[in-house]
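Chain lettering (A, B and C) follows the sequence in which the chains are written, and residue indices restart at 1 in each chain.
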Amino acid sequence: MKSARPYWLLALPLVVVLAACGGGGEEPPAAGGEEGPGSPGGQPTGGSTVSGVVNFTGTAPDPEPILMDAEPICQEQFPDGVFTETVVINDNGTLQNVFLSVTEGLPDQVWEVPSDAVLLDQKGCRYFPHVLGVQADQDIVIRNSDGILHNIHPMPTLNRPFNIGQPVEMDTTRQFPTPEIMIPVECDVHDWMMGYVGVVDHPFFAVTGSDGSFEISGLPAGDYVIEAWHELYGTQTLSVSIPEGGTEQIEFTYEGA
Amino acid sequence: MGGLVPGLSTIAGPIDQLFMVVLILTGIAFFLVEGILIYFLVRYRYREGRKAKFVHGNRRVEILWTVIPGLMLFGLAVFQYDTWTKAKIDFPSEAVSEVIAVSANQFEWKATYAGEDGKLGTEDDIQAPINVLHFPVGRPIIVELQSTDVLHSFFIPVLRVKQDAVPGRPSRVWFQAIAEGEYELACAELCGLGHYRMRGFVTLESQEKFEAWLEEVAARR
Amino acid sequence: MTETAELSFVRRYVFSTDHKVIGKQFLFTAMGFFTLGGILALLMRTQLAWPWQEIPVIGKLLFGSGGNILPPETYPALVTMHGTIMIFFFIIPILSGALGNFLIPLMIGAKDMAFPRLNLFSYWVMVPAFIVMLASFFVATGPAAAGWTSYVPLSILKDAIPGSEMGQTLWVLSMMLVGTSSILGAINYITTIVMLRAPGMDMFRLPMTIWALFVTAILATFATPVLTAALILMFLDRTIGTLFFAAGEGQVILWQHLFWFYSHPAVYIMILPAMGVASDIISTFSRKPLFGYKPMVYSIMAIAALGFTVWGHHMFVSGMNPLLGLTFMTSTMLIALPSAIKTFNWLGTLWGGNLQLRAPMLNALAFVSTFVIGGLSGIFSAATPVDIFLHDTYWIVGHIHYVLFGGSLFGVFAGVQYWFPKMFGRMMSDGWGRIHFILTFVTFNLIFLPMFVLGGYGMPRRIADPYVYEMFTNLQGLNQFMTYALYVLALSQFILAGNFFYSLFRGKVAGKNPWKANTLEWTLDSPPPHENFEHIPTVYRGPYEYSSPLVSADWLAQDQYLDGTKPPEVMPAPAVSPAAGD
């Protein structure tokens, strides 16, 4: 329970036997992806790669404008208006914010947790990235870049929920110990703020960015099931088998209304 | 003690007057009691060998200091019936008032104004930006309060207005502002971790400016 | 009682049925919780003075994973736990639990409580309450954070605030146990005072402390079950999904009614014993009979009776029918009267006395002078139209602290220092007691008097950062001043603690009656033996015959026989040993 805030220290004068104190200040990460795949750390054991794109056909719902007039500091950052990120179609007709991960076929082993932290930034009353991938137990640095109150309120079903406020510009470090796809994250102060965190227990995951492509590398040769997840259009799976050292191309296609 | 911040509504006068009456009465009681206490401490401080008075009480003074404060307290109670009635019981008629719906949720105030038809709950209602409230000066305002999650309290210090917003149970509060200006609305009932910044921006302005603002808001939406 | 010597250590000091041991158990646990509640207050006031600043050392220790600053969800938790701990785990246990247990049998001339085993249970049912409440600091989402009043729906909707997850459930469980202990203790006190008085100890010869504890016990017996019932409903709402207090289907305001139906009388549960203690101490150190004994007794009864009719004054702007506001306002105005009568009688007691300003007396006088401010400031908020403004502002915080800190806590300081020799057989240092008193009294006023100014500006309570509001930015300097004063006040308490623990082992041996006081406990050895009185004493007079012309000394013990004293009428003396009646 490394992450739990040791409230019990408040009870110090009455606690005769003290357990060892946890927590402590983690170093903030040097860099964090504003979008795109969360950099998989750990020690992948192979040299194979799965890459591809997530295509989109049909019509997407019109993005809805977000009214931020309650927070001038945030509103100022979007002079041209700001819209919901439920469905973001790239110029090349691909779909952004799709979380891809290997769900079947991995060798039965424990993957090392990367020591690098990933960044979840709150900027302009939005989450960057909107969809974040992270390995179980990996540090997530939650950053408030706005300097106004945000609270991070993830609503997991397998992990333990938490709800922490950040009143000023600051970092808070947290982890999710259990794999879970996906954990919605909300801010109770700004009801339009919505993000998702995908937690897996291995380093083989990716999130599509502004070109709709993804790449999962470092896989050992084998047969895998790759799952794609999108917040509105749900999940799709594809099976793929890759030889040692090879790269396999796959394509997901989501269809709008 | 500076008393209360200056009041800018019709009810502020009677409330502040009552505050002063209580302040004067309790002030007299305070200085009387503490003065006598200190005087006794000096006058009757310990001296070796002196014997204290052997007195168990006095019926006459007991009656005196029961009846006099009793009558004062009861008088004070009756004295304020009128102000309370004015503030919370006798509402002005809706015909002459501006009726505004204010909905509170964690941690926002949302005001809705009647549109052209002068009625709330119809198609042309005007939704003000979050946390922004404008009130015309010189006519009664009736605020219909509701909450969609937990308790909040609608508190505008300068207007001497405070009323809890109770989820599932709409409440009303009325006031009439007497001066223009920009003030703040505070949430006065603990409502969560963002309670401390559940702040509204209140503009008190003339009827003309108020109508112009309403039009501008309606046009923007 | 030969078996006494054979009692094991555990039966003697841990699971003891001796009221004196149980009283001391309450005393020491309450002192621990006083420390904890004080630490919470320090954190709160530090935040109010310098919001969201990194707290040196402690910030790193407690809030290391989040920038070393106090998080906004923790502030409401601090507010909640400070109130809960100070009220339910400090003031009530130390007044009713510690002083009540220790003093009742001694002062009425009984060997023990009527139900010693019930008494033991009433302490040991508190222990799980302590554990559960402390455990709530350990859970990941933190302790309860919906205020000590735990208003619904904030306290029921788990997503509304982190403290409303596990923390609130633990809070409810703990409070149920506290309530159970209160009820059991109260029944025991009532029975003991009614049944086990020594021969000659008529009701109107009881010391005021006992009268106050008696009426307090009656209050607790009638009010606490209402709270416990409400807690059960809240528990069901939180766990199995009933909708007693849910918005729409249930009644949100019902919780407030039930809560205050208990908690307003609870304010008197917290102040009446202190009033009794102050009366005894003031009379003793004035070397003069208490002025107006019977009016004092009737005032306590009146406060208790009216105490059940004023709960709505906490709800003037809650959405309760405003017509009810008028009724509650009138009864609230009237409840000020008995308190005023008591104050005048205390002054009457001082008049013509021979005042020994020793540490317990100074604290008792502080009780009177600050309780006056507490009471008078209540009249402002009792005035419903003014309360529209003052409700839920710092005015109320100032008011309650003048009553509970200025009143109850100075009463506790007075009582503990007064009866310390009887409890432990040694004297506390009077000099250090005075230094502690002066520092505490001055800093107390520097902290809480400015709260009325904050209230005049409308600064709401339970606000983690008031300076978000432009209208309150000018109050930061005052808030910082108050916080500095609190630091001094907190440090001064080390003087009390040092004095207490040093005197426990090294203090001057007290002897039976160091204050030359009249009441029965002072006729016994210090500390009194197991079962207190070898022979039940006979009481010939009231407790306050100081400076009586009948004797040359300035005191006259209740059980001292003088030639020509009328023997007591035969009353149903406790023929059986209390233990047998259990």
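The criterion applied here is as follows: contacts are C-beta pairs under 8 Å (C-beta built on N, C-alpha and C of every residue); 3 or more make two chains touch, one makes a residue touch a chain.
It should be emphasised that the depicted structure is a prediction, and the values quoted were computed from it without experimental measurement.
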Going by C-alpha centres, which chain is most central here? C
Please indicate which chain is farthest from chain B, where distance is taken between mean Cα coordinates of the chains. A
Could you put a whole-Å number on the gap between the CA centroids of chain B and chain C? 31
Taking each chain's mean CA coordinate, chain A and chain B are separated, in whole Å, by 47
Can you check how far apart chain A and chain C are, centre to centre, with Cα atoms defining each centre and the answer in Å? 51
Check: chain B positions touching at least 2 other chains come out as 106, 192-194, 197
Can you list every residue of chain A that touches 2 or more other chains, as numbers and ranges? 149, 151, 163, 165, 188
Could you tell me which residues belong to chain C and also touch two or more other chains? 71-73, 161-162, 464-465
In their complex, what parts of chain B are in touch with chain C? 1-5, 11, 14-15, 18-19, 22-23, 25-26, 29-30, 33-34, 36-37, 40-41, 44-47, 50-58, 61-62, 65-66, 69-70, 73-74, 76-77, 80-81, 83-85, 87-89, 106, 147, 149-151, 153, 155, 157, 160-164, 166-169, 171, 183-184, 186-197, 199
Over in the complex, which chain A residues touch chain C? Could you list them? 1, 3-15, 21, 23-26, 149, 151, 153, 160-168, 170-174, 188
What residues of chain C sit close enough to touch chain A in their complex? 32-33, 35-36, 39-40, 43, 51-52, 60-69, 71-74, 77, 81, 130, 134, 137-143, 159, 161-162, 165, 464-465
Mind pulling up the chain A residues that touch chain B in the complex? 67, 69-70, 148-149, 151, 163, 165, 188-189
In their shared complex, at which residues does chain C touch chain B? 71-73, 75-76, 79, 145-147, 151-154, 157, 160-162, 246-249, 252-253, 286-295, 317-319, 322-323, 325-326, 329-330, 333-334, 336-337, 340-341, 343-345, 347-348, 350-357, 365, 368-369, 372-373, 376-377, 379-380, 383-386, 388-389, 391-393, 452-453, 456-458, 460, 462-466, 468-471, 544, 546-549, 554
